[in-house]
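Here it is, the structure, as structure tokens.
Note that the chains take the letters A, B, C and D in the order they are written out, and that residue 1 is the start of every chain.
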Amino acid sequence: MITEISIMRTLLSILGITLVVGVNAIFVVWFERKVAGHMQYRLGPTEVGPAGLLQTVADGLKLVSKQIIFPQSADKPIFILAPIICLVPVFIALLPVPFSATWQAHELDMGLLLVIALGLLNTLGILLAGWGCDNKYALLGASRAVAQILAYKIPLLLCILPIILLAGTFSLREIVLVQEQSTWFALYQPVGFLIYLIAITLETNRSPFDFAEAESELVAGFHTEYSGMMFSLFFLAEYTYMLVASAIASILFLGGWLGPFFPGPVWMLIKIYFFLFLMMWFRWTFPRVRVDQMLSFGWKILLPISLLNFLITAGVMAAL
Amino acid sequence: MMTSYAQDIITGLSSLLTGMKVTIKTMFTKGHTVQWPRQTAQLPLNFRGHIRLVANDSTGFAKCIACGSCVRACPSNCIEVKGEKPEGAKKKSPTLFRLDFTKCSLCGLCVESCPVAAITFSRDYALAGLTSEPFAAMNLLDEVASPFAGEEQ
Amino acid sequence: MSLIETALNKHSLSPEPLEYSATGLHAKIVIKGDQLKPICRSLYSAGFFLETVTAVDNLSTEIMQGLWFFNHYKESSRLMIVIEASRKNPVFPSIGVLYPGAIWHEREAAEFFGITYEGSKDQRGLLLPEDVNFHPLRKDFKRPEHQITGIH
Amino acid sequence: MFESQTAPTYHLETVEEQENDFILNLGPQHPGTHGVLRVILHMDGEYILTADPVLGYGHRMQEKIAENMTWSQVLPYMARMDYLSALSYNQAWVCLVEKMCEYEVPRRAEYIRVLTTELNRISSHLLWFGAFLLDLGAFTPFLHAFEDRETLLDLLESLTGSRLTYCFFRFGGVGADVDAAFLRGAQDFVKQMHTKLPRYHELVTGNVIFRERTRDVGVILPFDTWGYGLSGPVLRGSGEQYDVRTSEPYSIYPELDFNVPVEQSGDCLARYLVRLNEIDESLKIIEQTLANMPEGPIKSKVPKIIKPPEGEASMAVETPRGELMIYAVSDGGKVPYRVKYRVPSFANLSIFSKMARGQLLADALAILGSLDLVIPEIDR
């Protein structure tokens, strides 16, 4: 039933999500640059704001003020649509994510399914970007993004299935509440946890699996031709996607907002940033995997192990 | 086959963890960064800036005798020297000593070729400008006193 | 020396030994153009590697010297092969079929000196811009009228 | 672990350019080519059918420049060819002229030359190490290598006055004498590298992703090596123990005790290992020169105007990239009559189109990186 209160609530939560997305992007980009800098004997940003915290704001302002260049042979509607298609789904995917028992934009019975489904749209955005700008490097990058999608999505789903079996629900909020009764699912599903970690790195196109960008091979991959604000939309989408993936990971495996001493949202943020830090750590340590090696890695290692993991879980559950 | 499959995965994973150990250790080590302009790095003793003329300690005039050996030694043709004898002097003095720094490759052949050690390297490093003109014709005589100073006026 | 002598044994050539400490070369032979390919075949099968292919333009004697440098991985034996041709229209045989690495050296020497390497599969230029019509390393080369302007 | 599918192999003869071929211009501005190299790739999806390098974007006609310079004026131009190993080029030129004019070189000068050249070799290999990993998509090793290289460049700058394009060697000696601070700095650097090299191995060599990316990629078979005139680590990765420093010893190399690292497999990994082991060997050489540094003058007397007698001479040295040979003809005048630079990267790149055929685009860039190219040296 639509009441005034529920409308207000929805509006407020959309505002909240926008705030979370914006602040998160500003902070995570700064955080990543700091982590990268210190891992490489550098300092990272130091000049703008305290400890360089406002560097991202300055960079954002620069990007916004820049001219957007349209390649002459680009397919203009697709060219413009692509970054939006990349950003909007990850934005919506934050709706069902609970930051505490009460801090949740919109409770959905099928929250997990929605997030998974929206995750797929990101690849569509990349494909459109690669196709629309009529650049060979971008096309190669986009085709790589599409080629890898099955290789990680199936293991990803096969890692989530045991969690659903354990929790008996698709609702993100209830999955956490089940963990409150027992314990973190990461302890039941260590293998699934590991594979999920690899799969979200793949899903967010992060190094060592950043073939779609692959700077040293494809210049900038699918966003080679994008400049200014449209480029920063891709950037925003990537970092928001990382946030969503980390949030889902902490909900599924590390008990979401559960934890002693601090209030729920703090724990949730701690867990999210733990995952974000892990992904940064991967990125600034490893070389890039080759595309065909990643595919065979996905099909020959991730898939059988996650399938085995699922079957064992299902067997044990049935026996109990 | 199964064991080698599992072994590959385990050795692979452990090699990744070793790499991650190195980067996390690095996070807590200090690097070389010097935050210019708040801090400045020390210039090495043999630093080669653009060339400059050495002044004679007693007179303050340039030691240069305008012999032109630096002009001949220069591989990039970036030095221009003219000189004449000031009244009552035994040796010539430069009336013009111009360096085209845009061409200079800082090889130091001019410094070595000088018979009276009248050229040396400056220690200027923050050389930047909006146009190339100031560097295309650097007048090196500006820094030293000139025996012709009275005559020009 | 021994490696060079064994390799060139059947060609009944006597390489002129050079003072290594003074020239950095072990031997030098001056041959005719049609001898190059058989000699290179022997050198190739003896495992000699190609250092470079180049030329020296001699304005006073009107001779273009084609130079081929070889050496061996196992035992240092630097061999210089010289073929002389008229500098008007120098033509040398190409050894690109035997030594694939020679193709680039030949392309370079061809555009620098205006040499034709007969039988080369690849006659394009290599280092100079595509539209040049001069050969800069010829001794009678004058800088072309065309001047690049607008460099600051 | 990640077994790669066997790549389809194509032969040059069977591939014809077709209208709807996917042609990719790799370069001249591309982050993976490290300079202005352009490679025209005909591709089938991600697989490369043919690769044709296009050179000359950085061409300066160094050989003609040398014909217009006096013998000593050529010296600064040496550093502009291979900017990463300027001192090896310095050495080739001064040794060549010393050979032609029969100048004596004091022993202390020879020691300083070898010491600084080997330091320069390490700095070149360190930069290559970083750049190669950058090609493979790892950014951190690049800056880790630069951290160590920074110490090295500071050290060399304190002696030579420049950080990259050194013009330090002189006919009959060197430009400046080493002082106690430099020797101490060099010793400290050797110590530092002995602790840092194992870190590189931990960070990179053992890494499973790195090994899969480089093993069996870009294999140079031994019977290809002499046809293309390969030299340096590219050759030694294919099992041939050829190093000018041992085969035609110049300077004080015969007195020094060092090994020439060789790997048999001929792939990118082999070339990588050869170079990292070479850093180790260079450290050994540096330790020996530091221990035995003789006292004495650093420069013998040479005439101001250099006129080598009529004749020809060649001089080969081992740069970090392979064999550099300079062939010069003198007509007895103040300027060289003809100078020919035989540069290692030129020959090493010429095999690229053969290696890239039938490989993935990602592999082609790994191969390009493993060849350790310096484009200004190729273009001259």
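Note that in this section a contact is a pair of C-beta atoms (placed from the backbone, for glycine too) under 8 Å apart; a residue touches a chain by one contact, two chains touch by 3 or more.
Here the structure is a predicted model, which is why all the values come from computation and not from measurement.
Undergrad: Any chains in contact with both subunit B and subunit D?
TA: Touches both subunit B and subunit D: A.
Undergrad: So which chain ends up closest to the centre of the protein, judged by Cα positions averaged per chain?
TA: Per-chain C-alpha centroids ranked by distance to the global centroid put D first.
Undergrad: Measuring centre to centre with CA averages, how many angstrom lie between subunit A and subunit D?
TA: For subunit A versus subunit D, the centre distance works out to 43 Å.
Undergrad: Just give me the whole-number Å value for how far the CA centre of subunit B lies from that of subunit C.
TA: Distance between chain centres: 40 Å.
Undergrad: Averaging over Cα atoms per chain, report the distance between subunit A and subunit C in Å.
TA: Whole-Å distance between the two chain centres: 60.
Undergrad: At what distance in angstrom does the C-alpha mean of subunit D lie from that of subunit C?
TA: One centre to the other, that is 24 Å.
Undergrad: Quick check on subunit C: which residues sit in contact with 2+ other chains?
TA: Subunit C, residues with two or more chain partners: not present.
Undergrad: Going by the contact rule already set, what residues in subunit D reach two or more other chains?
TA: As it turns out, subunit D has residues touching two or more other chains at 1, 140, 144, 147, 203-204, 207, 209.
Undergrad: Going by the contact rule already set, what residues in subunit A reach two or more other chains?
TA: 39-42, 284-286, 301
Undergrad: Would you mind giving me the full set of chain pairs in touch?
TA: The list of touching pairs comes to A-B, A-D, B-D, C-D.
Undergrad: Residue numbers of subunit D touching subunit C in their complex, please.
TA: 55-56, 59, 61, 63-64, 67, 96, 99, 102, 225-231, 235, 240-242, 247-248, 311-316, 323, 325, 327, 329, 337-338, 340, 342, 346-347, 350-351, 354, 379-380
Undergrad: Please output the residues of subunit D touching subunit B within their complex, sorted ascending.
TA: Within the complex, subunit D contacts subunit B at residues 1, 69, 72-77, 80, 140, 144, 147, 150-151, 154, 157-162, 165, 167, 170, 175-176, 199, 202-204, 206-209, 304.
Undergrad: Okay, in this complex, where on subunit A does subunit D touch?
TA: Spelled out, the residues of subunit A in touch with subunit D are 36, 39-42, 136-137, 140, 143-144, 207-208, 210, 214-219, 284-294, 296-297, 300-301.
Undergrad: Across the complex, what residues on subunit D touch subunit A?
TA: Those in contact with subunit A are residues 1-5, 22, 24, 30-32, 45-46, 133-140, 142-144, 147, 203-204, 207, 209-210, 212-213, 360-363, 365.
Undergrad: Sort out for me which residues of subunit B touch subunit D in the complex.
TA: Going through subunit B, the ones touching subunit D are 8-9, 11-13, 15-16, 18-19, 21-23, 26, 31-32, 44-48, 69, 73-76, 105-109, 112-113, 121.
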